[in-house]
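Please go over the structures that come below.
Here come two complexes built around chain A, the first alongside chain B, the second alongside chain C.
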Partner chain A sequence: MSKRNFSGIDLKDMLLALIVPLFVLVLWQIAVSLQLFSELLLIPPVTLVKTLRDLAHSGDLTVNIIASSKRVVTGFLIGGSAGLILGVFMGISSFVDRFIGPLIKACKHVPLFAWMPMIILLFGIGELTKVVFLSIGAFFPILYNTYQGVSGVPKIYRELAQVFDYKSYRYLAKIIIPSAMPSIITGVRLSFGILWMFLVGAELFGSEDGLGYMMTWGRQLFQIDVVMAGLVVIGFIGFLMNYILGIIEKHVLRWQLSFEGGAL
Partner chain B sequence: MMKWIKILPVAVLLLMGVTVVSHAEDKPKVIRYGFNGNGLGRPFTGGVGGVINDKNLLEKEFAKDGIRIEKTFLASTGPGLNEAFASGLLDIAGFGDFPNIVGRAGGLKTRWILVGVRGDNSRIIVHPESNITSVKQLKGLRIGVAKGTWAQLWFAKILVVNGLTEKDVKVLNLKGSDATAAFVAGSIDAVVGGSLSLVDQGLAKILYESNKDPQSLRGRDGLLVTEAFAQKYPDIVKRIVKVNIQAAYWLSQPQNTAEYLRISGKTGGVYKDAKKDYLTHDLKVKWNPRLDKEAIDHYQAKADFCYANGYIRNKLDVEKWADKSFSEAALKELGLENYWK
Partner chain C sequence: MLKYFKKGIYSNIASFILPVLLLIIWQYITVNGYISSHILPKPNKILSTFLWLFTAERFVFDITFSLGRVMVGLVIGVLSGFFLGLLMGLSKTAEKIFAPFLHLVRQVPIIGWIPLIVMWFGLNETPRYLIIAIAAFFPAALNTFSGVRSVPRSYEELGAVYGFKGFNRIRRIILPAALPSIVTGISLSLAMSWELLVAAELLMATQFGVGRLILVGRDKFQMELVIVGIITVGFIGFLMTKIVEQFGKGTQGGNVFHQRF
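Entry: the complex of A and B
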C-alpha cells in the first residue's frame, strides 16, 4: 500500500510527477551549455533562480502577484457566479435552456481574445476591461459544467424531491446542487486554469502592475530572465491553485466517494 | 546511453532548424536589414532608413554582387529588433537610442556604427478641453507611452526636468493605434509621441514639444551591426554605411524636404504642419551621421540615465561600443569628411 500525505496525495505520484520537470531542467541546462540558443534568449537556470530571488527581495514579485491574484479572483467571482446561476437555471428549466441556450452556445465558441477589441471599445483600457475579460474567461467553463451537472441529475433524485415535497430552495440545496457538485467543481478548476493562462493577455493592455505587466515590461527592456521568471511564477501559482482546488474537491465530495466506496 | 547523449544535441539542432553558416564566403548571400518600423505595422519608416527603403538604395548598391536585401519592419519597433538580433535573425538595424542602449547593456553583441538622426521632434498631446498647461500637471494622470522605445526615454527625461519621475504618473504601455483609440475613448489623459493627425482633427492639442529643447533632451537613433557580421564582412558593412551616409546627405539638403515628407508620410503620420515642423530643424545638424564626441557623449549620458533609473542593469561604456572606422572610411570615400565636422 502506498504512503499518503495529509491531503491524501500519493507520495509516489508526487515523486513521479517530478521526473518530467527534472528532465526538462536537465535538457534546458544541456541546451544552455551547448549554446544551442543565444544565452540572451534561453537564460541559464541559475540566472533564473537569481532573478526570482532579486524580484522577491525587491518586493516587485509580491506587488505583481497580489495585483494579478486580485484580478483573477475578481474575474472568477463575477464570471463564475454569473455562470453558476445561469447554468442552474438552464439546467432545471427547459424553457430557459431553449430561450437563452442557443445564444450562449454560440458565444462559447468565440475565442476569448476575440472579445478584447469589443471590451476595449465598451470599457476603455482600465481595470474594468481586465476584469470583464477575465470574467468572460471564467463564465463559460462554469456555466457549461454547471449546466451539464444540473441537467444530468438522475430522474430518481428529482422524484425523491417530489416525494419529500421539497420547494424551490430545498430542492436546489438538497438535490440539485449536491448532485451537480462534481461537475461544478470541474468547471471551477477549468475556470481557474483558463484565468491564469489569459492573465498575461489581460494585463498586456495598459497595465501598471501584475505578472503579465512585469513580463511585458521585461520584454521591452530586453530582460528575458524577468519574462521567464513571470512564466515560472504563473505556472507555479496555477499548479498550486489546482492542487488546493483538488483538496477542496476531495473534501466537498467526500460523501460521494464514501457512498461509492472510494477511499479518502 | 552514451550514444543517446551524443545524438541528442544533433537532434535538437535539426529540430530547431539552426542554420549552420559557412565561414568561408567573402560576401553574404543576403543582408538581413532591420528598419525602425512603426506601431501600425506598415513596411515603411522615416529618417535615413525611410529614404534607403523608398529608393531601394541597398538593392541598387548590392545588385552587382548578387546579394539579396532582406528587409524587416516590425510593429514592435526597437524592442522587437533587439529580440531579432538576439535570435540571430538580423545583421544590421537602425532604431531608437533607448532600445539601442537597452540591447547592448543586456548583452547583445553589436557595434554602434552610425548616428541615424540627431534631435528628432516629439510631443505630448492632451485632450482639447483639458486644463493641463504644463508637464508638471501630468502628475497622477494616465499617460500612454510606447514603452521600451526612444519615446519612453525622451518622456522620462522630460519628466525629470519638470521635477517628476515615471513613478509620479501612470505610464501605460500603448503604441500606435492602441494609444490613439485609448486616447479618443478618454481612457488616458495624454499620449507621448501622439498622432498629430488627431491635432489636425481637433481631437487633441499639443501640451509639449521638443523643438526648443536642447539636443541632450531629444530623441535620437543609431545604426547597429552584429559583431559577427562586422568581423566577417567589413567591406560590406562599410558599403552599407556609405549608403546610409548618402541618404543622410540627401536628407540634409533642404530642396529634398517635400520628397522626404512624402516618404515619411507613408508610415501614416501625415499632418498639416509637417513641413513647418520639419523646417524648424537645422537639417545639416539633424542628419549628421558622424560618430563624433558629441554623439558619443550624448549616448553615454543617456546610458548613465538608464542605469541610474533601473532601465538597464549593467553600466555601458559607449566609447568601447562605438566603432567609427566604417563611417570615417565611408565619409572619406564620399568626399564628405569636411561636410559634417
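Entry: the complex of A and C
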C-alpha cells in the first residue's frame, strides 16, 4: 500500500520500528544528563560505544568470543551426536523407546541449571564441567526433535523402503534421515539457542575466559560499561547464529517447499 | 505418560526395566565401595535425606518460597506479555512499533541479564523477580500475539453481525478464539520461569528456596543434598507441566504442544 524503496523494505515500517529504540536512547541520555542515577549504575550511551571499540581493539573481545564459541561447538558436537543417535534409535524401535523413553522424559523435566552443582562436584570447575553441561543442553532438544521426526516418518515412505528392499544403512540414509530432516534441523536451531544461553550461565559460574567471564569480571570491578558491552555482544552473536542457521535450514530443506521452518 | 498405560502391561514393564536395573547397579557399586560415597551416595541415603529434609528441616518452606518467587515473576511477566501481545495483535501499527524492538531484546539470553540486573538492584528479591518476569514475558507476548492474529475472519464477521465493538469484541470474539494459543504461551512461560528460577537461585545465592539446598550440598560436598535437590526441582517442573497441560486440554479439547524454549 505504501511506497516501497528499492531494497523492498518499507520506509514507513522502518521509521515505526525506530520509535522505541530511539525513545529508549533519548530517555537514557536524559537520565544520564540529569544525573538521575550514579555514574556507576548508568553510563552514557557514548561510553558504551567507546568501551565496545576499546574491547575490540585490545583483542579481549576476540579472545573471549573464541573461547566461548569453542565451548558451544564442542558441547554441540558431543551432546548433539548423542541426542541424534539415541533419537533415531528411539524413533525406529518402539522397544528402545519404551525401554529408555520414560527415564529420559523424567530427566527432561529437570531444569538444566540444576545439573550444574552436581557436574561441578563430579568434574571440578575446569573446562570439562562446562563442556559436559553444554552437552546436556544440546542433547535434549536434538534428541526430542529427532525422535519426533523419525517416529513421524509417513508409513508410505516405510513401505517404499520395503519395495526397494532398503535395509539398515540405506534405510536410514535414504528414508529415515531425509524424512526427519526438518524436525532435526529445528532441533539444531533450538539447541544452539539453548547452548548460547547456558554457555553464559556456565561461564558466570566461574571461568577464566569467555564472554560470561568478561561480564562477571566487569560486575566485580563495578565496570558497568563492560557488563553492558558483554550483553550487546552476546545478543548480537545470538542473533547472527540464528540468522545463519536459518539460511542453512532453508538451503538444506530447499526441496521441501511447504516447510515453513523455525521454532518459537 | 498415559500413552504408555494404554499400550498394555508389557510395555509398562519395559519402561521399568532400565530404572530398576540402574538402581540395582547403583546399590551394588556403592555398597561395595567402588565409588566414593561423596561422588555417589547410596540410594537409601538419598531416601533418608528426603525424609530428614521433610521432617527436620524447613524444606517445605523452601519449596513454597521458590514457588512464591515463580508466581510473582510469572504474574508480572505473563500479564505484561499478554497486554503487549494483545496490543500488537489488534493493531498493525503497534506491531510495527514494538515487534522489531522485542525481537532485538529477545536475542540476549535471559541469563545474560543477571550481572546487569544484580548491579542495578543489588542482591535482594527484586532481581530474582525480574529475571523470572523477563523469562515469562516473551512466550506470553509472542503466543498471545500470534493467537490474536490468527482469529478466523468468520469469527470477526460474526462479531460484526452481533454488533460487538471495542471491549466487547475483544472479550467475546478475540480472547476466546485466541485462548488456546494464550494457554500455550502461559505453559511455556511457566516452564521457562521455573528453569530461570533455578538459575537465579544458584547464580544469586539465596537464604531461602530450593536452590539454597543444592548450593549447601555443593559447598559441603554432600552429594545426597544435591541429588535430592535435582529430583525435587525436576519433579516440581514435571507437576507444573502436567497441570498446565490439563488446563490446556480443558480450553481446547486437544493437546497443548509443549516443548521447553
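Rule of thumb we're sticking to: the second predicted complex is superposed on the first by the 215 of 264 C-alpha atoms of A that agree within 3 Å, B and C clash if a C-alpha of one lies under 4 Å from a C-alpha of the other, contacts with A are read in each partner's own complex, and residues count from 1 in each chain.
One rule holds for everything that comes next: a contact is a pair of C-beta atoms (placed from the backbone, for glycine too) under 8 Å apart; a residue touches a chain by one contact, two chains touch by 3 or more.
Quantities reported herein were computed from a predicted structural model and do not represent experimental measurements.
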In the overlaid three-chain picture, which partner chain does A:F205 touch, first (chain B) or second (chain C), both, or neither? both
Could you look at A:F222 and tell me whether it touches chain B, chain C, both or neither (first, second, both, neither)? both
So, does A:E39 touch the first partner chain B, the second partner chain C, both, or neither? first
Please work out whether A:A31 is in contact with chain B alone, chain C alone, both, or neither, and reply first, second, both or neither. first
On the A-aligned overlay, A:V63 touches which partner chain: chain B = first, chain C = second, or both, or neither? neither
By the touch definition at the top of the document, which applies to A:I120: first (chain B), second (chain C), both, or neither? both
What is the contact status of A:V73 with respect to chain B (first) and chain C (second): first, second, both, or neither? neither
With both complexes superposed on chain A, which partner does A:V110 reach: first (chain B), second (chain C), both or neither? second
Which chain makes contact with more of the residues of chain A, chain B or else chain C? C
Touching both chain B and chain C, residues of chain A: 41, 120-121, 205, 216, 219, 222, 224
List the residues on chain C that touch chain A in their complex, please. 1, 4, 7, 11, 14-19, 22, 38-39, 93, 96-101, 104-105, 107-116, 118-120, 139, 142, 188, 194-195, 197-199, 202-203, 214-215, 217-218, 221, 223, 226-227, 229-230, 233-235, 237-238, 241, 259-261
Residues of chain A touching chain B in the complex: 30-31, 34, 36-41, 120-121, 124-126, 205-208, 213, 216-217, 219-224
Per the contact definition, I'd like the list of chain B residues that touch chain A in the complex. 8-9, 12-13, 16, 18, 79, 82-83, 86-88, 99, 102-103, 106-108, 142, 144, 147-148, 170-174, 178, 181-182, 185-188, 311-313
Could you pull out which chain A residues touch chain C in their complex? 13, 16-17, 19-21, 24, 41, 95, 98-103, 105-118, 120-122, 140-141, 144, 190, 193-194, 196-198, 200-201, 204-205, 212, 215-216, 218-219, 222, 224, 227-228, 230-231, 234-236, 238-239, 242, 263-264
